[in-house]
Amino acid sequence: MPVVTIQVTREGTTPDAHSVTAEEKAALISGVSALLLDVLNKPVDSTFVIIDEVETENWGWGGLPVEQFREQLRARQAE
Amino acid sequence: MPVVTIQVTREGTTPDAHSVTAEEKAALISGVSALLLDVLNKPVDSTFVIIDEVETENWGWGGLPVEQFREQLRARQAE
Amino acid sequence: MPVVTIQVTREGTTPDAHSVTAEEKAALISGVSALLLDVLNKPVDSTFVIIDEVETENWGWGGLPVEQFREQLRARQAE
Amino acid sequence: MPVVTIQVTREGTTPDAHSVTAEEKAALISGVSALLLDVLNKPVDSTFVIIDEVETENWGWGGLPVEQFREQLRARQAE
Amino acid sequence: MPVVTIQVTREGTTPDAHSVTAEEKAALISGVSALLLDVLNKPVDSTFVIIDEVETENWGWGGLPVEQFREQLRARQAE
Amino acid sequence: MPVVTIQVTREGTTPDAHSVTAEEKAALISGVSALLLDVLNKPVDSTFVIIDEVETENWGWGGLPVEQFREQLRARQAE
């Protein structure tokens, strides 16, 4: 009866994608369910997986909205 | 001071509804608040209820996106 | 497939109880499950209810730890 | 490594705004991150802040959808 | 920057274990982190995994505290 | 009516403390409440702050239980 909540920013993994694709969501769902079956013997039929997509503007990291922090990180790495 | 979070898939309970209706949300809010007042004597004025509607594509069950798992369940029951 | 999370402070409803009793938890679980069946037609067999008991020191209200805020409220009402 | 989740109703603080503005979100993110650095010495680079905007229809208070409860409060105060 | 929360009942997978073991937790953490790297290309260095162990008395399923529901399921299967 | 949840590892900020102290919790509660009043004009009387302390064994980072990841970070920095 696990409940697994996956919070990620609403972004794509390829330039033309603006959020997690249906295929990627299905892969996360099956991967997490298999992991809980494998490690804790939890039947997939009573495992819930909830994917929570968060707008990048709503995700803070490093004291900044995440897009700004990523710019800061890139500048740091460029130095 | 309870906080009750209700996570449900974004679906209607009737063919023409595509999500939980305002009336149904109001019924959930009043039902949960009354339950906490009744069982734990928590005043409704300091009880928060948060309804989180999750796209069906973002809800996994049985190792699959929920729509696919429901098809699987229907097939099992048909056998 | 709802998941309902009930967050309450770890307190009893009677002087000799220091947290929610097993009976009260069972009443919350059955009440919430029945409500979701009644309002949204969600089968109880696929409804999870999670009760999260929070130490009073870990619950803030009115800008204060809840016990202190309650004292403030009592003082306001006494005036 | 704190994770701070801020749940607020999707509303503006000025008549022409219908939700929290980007500037307000940035102020919440930097304020919370600075607070955790100051109080618990948590580096901002490993602090996540997640802002969860909830439709007013999905937020219950006082046993009612929040807009209705606010009307009730205004009526009480008017008496 | 994903945050993955795994909610499970506080139970062991072997008769002498009363909760998830440290090894099992480490396997969940590494499995989930690898999955997010593989599917969404999320670096493990910015992925948080939080395991929330819930007392069985605090977990409801089928309208009952989970232990009671499991007894009901066993009785159904025995019929 | 914001609800702010602060998830931190159960650790002290001084060698002799094994978790967040009552004073630190009070500082987090008042700081967050003041921030929401300042930025979004949310009255502190209807702001809840919930502090969730997570055992270090239950917090994963970098694909490892956090204590192990910190050792890895220290080793990287020592190189």
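Read from first to last, the chains carry the letters A, B, C, D, E and F; within each, the first residue is number 1.
Here, a residue touches a chain if its C-beta (ideal position, glycine included) is under 8 Å from a C-beta of that chain, and two chains touch if they have at least 3 such contacts.
Bear in mind the structure is a predicted one, so any value in this text is a computation, not a measurement.
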item	value
Required minimum of steps from chain B to chain C, each step between chains that touch	1
Counterpart interface for A-D, drawn from A-E, A-B or B-C and sharing over half of its contact pairs	A-B
Of all other chains, the one whose Cα centre sits farthest from chain D	E
Gap in Å, rounded to a whole number, between the CA centres of chain F and chain D	18
Length of the line joining the C-alpha centres of chain B and chain F, rounded to whole Å	30
Multi-partner residues of chain F (each touching 2 or more other chains)	1, 3, 7, 28, 32, 48, 50, 59, 61
Pairs of chains, among all present, that meet the touch criterion	A-B, A-C, A-D, A-E, B-C, B-D, B-F, C-E, C-F, D-E, D-F, E-F
Residue ranges of chain C in contact with chain E within the complex	22, 25-26, 28-30, 32-34, 44-45, 47-53
List of chain B residues in touch with chain A within their complex	7, 54, 57-65, 68
Residue ranges of chain F in contact with chain B within the complex	1, 3, 48, 50
Residues of chain E that touch chain A when the two form their complex	1-9, 13, 20, 24, 27-28, 31-32, 35-36, 38-42, 46, 59, 61, 66
